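You will see two complexes here that share chain A, one where it goes with chain B and one where it goes with chain C.
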Partner chain A sequence: MTTLTLRAAPPERLDLAGLTPAALAGLSDGEAARLAVGTSRHALALGDCFAITLDGSDELRIVGATERLDRIGAGLAAGRIVVEGDVGQRLGAGMTGGTITVSGSAGPFAGTAARGGTIRIAGDAAESAGGAIHGAPAGLDGATLLIGGRAGDRLGDRMRAGLIVVREAGDHAASRMIAGTIVAEAVGDHPGYGMRRGTLVAARHGALLPTFVETGRQDLVVLRLLAKSIATHAPWAAALLRGPMRRYGGDLATLGKGELFTPVG
Partner chain B sequence: MTAWIDGRAVERDAAVAAAAELLAGARSPLVAGLVAEAAAVQVAYDLARTLGASVDPAASAAIYADLGALASAGAMATTPAETRGRADLVLVVGRAPWASGLARDLSADAPVRGRAAGRPRTLVALGGTGDGAVQHVAYPAGEAGIPAALGLLRGLVAGRVAGPHPLADLAARLRDALYGVVVYDPAEIGALGAEMLTGLVKDLNETTRCFALALGDPYQGRTAVQVSAWSTGQGPRVGFGRGRPEHDPWRFDAARQVAAGEVDAALWLAALPAPLPAWAGTLPTVALLGAPTGAEARVVIGVAVPGETEGAALWHPGRAVIAWQEAGASAAGAPPSAAATLADLHARLAAAPPRRSAATSELSASC
Partner chain C sequence: MPDLILNGIRVEDTFAEAFDMAGTALVLTADTAEWAMIAAVTMTGFATSVIGCGAEAGIDTVLSPDDTPDGRPGVRVLLFGFDAGGLKDQLLRRVGQCVLTSPGSAVYAGIAWDDPNAAKAIKLGGAIRYFGDGFATAKRIDGRRYWRTPVMDGEFVCEHSVPTIQGAVGGGNLLFLGRRFPDTLRVAEIAVAAARTIPDAILPFPGGVVRSGSKVGARTKGMMASTNDAYCPTLKGRAGSLLPPEVDVVLEIVIDGLSAGAVSAAMRAALHASTAAGADLGLVAVTAGNYGGNLGRHHFHLRDLLGAAA
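Presenting the complex of A and B:
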């Protein structure tokens, strides 16, 4: 297993985009140490900040990570990245495959534009997890994003495809959502603001928008299939999906083909 | 007196030298504020490029609420002058347009050009308390707030929400108008609200004409947007740490960077009035101010007030362009302009480039 161990708290944000197991596999220790990761005029290289152990395998371990490490796993296509600690913004941005696990918490825009693979965050995620960055056409775009703790506001903002499972999310979950699925134990106020299509399932929710209308009690096979598919990731979510559900359609401000499911009673 | 170091009055040249010293030694400097004329904002971007600094205007909150909507959904926008000439219906969203006086100005006349010429102008308000002296029809936004009400209005206009509703009458007015204008403050309704408002305007253009009119901000934010666009090709929150302009509205948020300890020196530019950020007193800061007291930051340099003590190109809120404003009567004896002061500072920094190689080798051991 290839290991990067952070020697000390970095003096600036570091950009780890492109540091994937495949990219490191063909490099010598010296070549890896010279990879640019700094974001200031000091031009920090990987070897300035990390102790590097390369073995050419498809697993990369990042030890002692902090919230100043941005874009970990960005562009990952295959293999596995294991992070011990916290991460900064845009975890797994644009990844197409492989898995990323984070033992701590993530900064904003985790999984943005990620088209495939799985991201698992044990702790919390900041705003716009699975959401689009400024001006981007889509947030999460086919990957799976699992958050063990609480996500900030605008979870899944402008998400286009894929699955997010989260314990708790802030306000405006599923805002501007294009398509995809979000399952949460609790979401804050005004979920689905500007939602076009897509599915949001929440055991509890804050205030609903006036542009979401109840369409009755539903017993849908697709929810049970979803329960089956995520039972191994999140047993609580599977249990939620197997119960009887009330459905709301929205956001009628826009296309209105999205839906919010919440347990009956 | 126009220059101070640590609160003590000094010669202007000494203060500029101290400013150059303070900024040249920084690892991750910040250039913030940009509440100044276009020429000064331009030199501030040049300076940031030389320093490898990040840039954040004081007006960023309002700027990015609108730029986010523009980048995601486009815009159909107009200017105050066109609104006065052409609009037969003006929808005032929220409280800020009333406070700015724009709503009152628009109530004073009627359309004289275009398809609505000769019709009276009606003012309607959504979620604002209005102005008792201006005749208008007020619609409440409800407990859910203005962004939710904008969504509901958009659903009603498009016919996706039906049935009797207090806002149905407002939706009918918007559909029936020949030239509608929706006035709003992006900072008040936020990025999601601004994008929904843009969607409402676009939906209305399926059958009639309607445009959005964003209030300008008082901190020359629109100037910063334009200067940044022609200098970097991107929005104003950019960083030059890697030698090229990187646009990242989250990373280069000045308040966030200071709170996270990511910047170690700053230049605050406010030739026009703007609230001084709290960090000016704690972070090593050079402040270029139009109305200094000398105690605002470690190095304070007084500069001319654009449009008052010197002629300058500033954002003209009525015409929605950068326009020349002549100096007022009090120009004699004013300090040099912010642009000239920044150019002096820039020349000193460019002549003695930042000490990067030594710092890098020091860092290799400490990182």
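Presenting the complex of A and C:
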């Protein structure tokens, strides 16, 4: 396993985009140490901040990570990245495959534009997890994002495809959602703001928008398909999906093909 | 041609001549096993002969909730056509008219997408979604895309497309030459039950049995097929009759399969089961239908089916 061990808290934000197992596999220790990771005029290199152990495997371990490490796993296509600690913004941005596991929490825009693979965050995620960065056409775009703790506001903002499973999320979850699925135990106020299509399942929710209309109690086949798919990732989410559900359609201020499911209770 | 003997019953040393077909499989589910079966029976109705019905179809197996994509009771059906175009036409008509309309139903591909013999896919849900008049939505789950069409009981879920299979075969057959109609029908029923235990194979005729076996062409101009006069007992004694004096009834089973191996296995099971029961039911002989071997690429020689399955 290739290992990067952070020596000390970095003096600036570091950009680790492209540091994938495949990219590091063909490098010597010297070449890896010279990779630019700084984001200021100080031109920090990987070797300035990390102790590097390369073995050419398809697994990369980042030890002692902090929230100042941005874009970890960005562009990952295959293999595995294991992060011990917290991470900064845009975790796994644009990844197309492989898995990223974070033992701590993640900064904003985790999984943005990720088209494949799985991101698992044990702790919390900041705002716009699975959301689109400013001006981008889409947020999460086919990958699976699993958040063990709480996500901030605008979870899945402009998400286009894929799955997000989270324990709790802030306000405006699934805002401007294009398509995809989000399952949460609880979301804040105004879920689905501007939602065009897609599915949001929440055991509890805050205030609903007036542009979401109840369509009644429905036992839809698609929820069974989702439950079966999610069962391996999050048994609690699968159990939620298997219960009796009330459905709301919206956001009728836009296309209105989105939906919010919440347990009958 | 010397005859063969299996379980004391004469087996003619001949072969069944079968043809390449376009084939696919669907999994139909519903809230109850009864409604899944209703959808399956309706969809596979009027599908005995591809010549007259446009397709040959039948029920392959009943699936438990553990074996279906949505965890509900299901039925796997097979559908065969002359070619991919004909198969697509029939698939859309039958799913659209018989399954979409059935309460609580859903449709999934019945052939694994990673099946090494999976061939070109047919757009199914992606076409039927237009019934939704723009209200249908798609959901991609684990790499498979499903269309959700609003209907009056909720939603009709149908997989976007379903793969066809390379190597599908239609026309495996056995003919049972018997003494009495009730006994020979019982022999045919036993053969059908045995053949139906083989996966990936169906028997498209009523109850799996056909009493009006046919030959190619006719004396009447324009007829593609006509009665197999050589095996009609009321025509015994005429030139061309192949029936011995003691045979007063002939029944046939026809088998289609997703592979030649499935057809062969189903024929083998039917042959062994029918001959095992045949002595007590007046079965005189078992034979098979062919057209001289020049029309169909697949020849299932009864001689090769006498042994137990490998």
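The rule we apply is simple: the second predicted complex is superposed on the first by the 265 of 265 C-alpha atoms of A that agree within 3 Å, B and C clash if a C-alpha of one lies under 4 Å from a C-alpha of the other, contacts with A are read in each partner's own complex, and residues count from 1 in each chain.
Convention: a residue touches a chain if its C-beta (ideal position, glycine included) is under 8 Å from a C-beta of that chain, and two chains touch if they have at least 3 such contacts.
The model shown is predicted, which means the values in this text are computed figures rather than measured ones.
Of the two partner chains, chain C is the only one touched by A:Arg197; chain B is not.
In the superposed model, A:Thr99 makes contact with neither chain B nor chain C. Once the two complexes are overlaid on the shared chain, A:Arg41 sits against chain B while remaining clear of chain C. Look at A:Thr20: by the touch rule set out above, it reaches neither chain B nor chain C. Of the two partner chains, neither chain B nor chain C is touched by A:Thr2. Of the two partner chains placed around the shared chain by superposition, neither chain B nor chain C is touched by A:Thr262. Of the two partners chain B and chain C, more chain A residues are in touch with B. When the two complexes are overlaid on their common chain A, residue A:Ser229 makes contact with chain C while staying clear of chain B.
Contact with chain C, but none with chain B, is seen for A:Ala161 once the two complexes are overlaid on the shared chain. On the side of chain A, the complex with chain B involves touching residues 7-8, 10-13, 38-44, 47-49, 68, 70, 89, 108-109, 132-135, 154, 158, 172, 175-176, 190, 193-194, 207, 209-211, 251-254, 256.
Chain contact summary for the complex, chain B toward chain A: residues 27-28, 51-52, 64, 67-68, 71-72, 142, 144, 147-152, 154-155, 160-161, 192, 195-196, 199, 235, 239, 241-243, 247-251, 262, 354, 356, 359-360, 363-364, 366-367. Remark: chain A residues 142, 161, 179, 181, 197, 199, 218-222, 224-229, 257 touch chain C in the complex.
Put simply, chain C touches chain A in their complex at residues 29, 69-72, 106, 135, 137-142, 146, 148, 154-155, 157.
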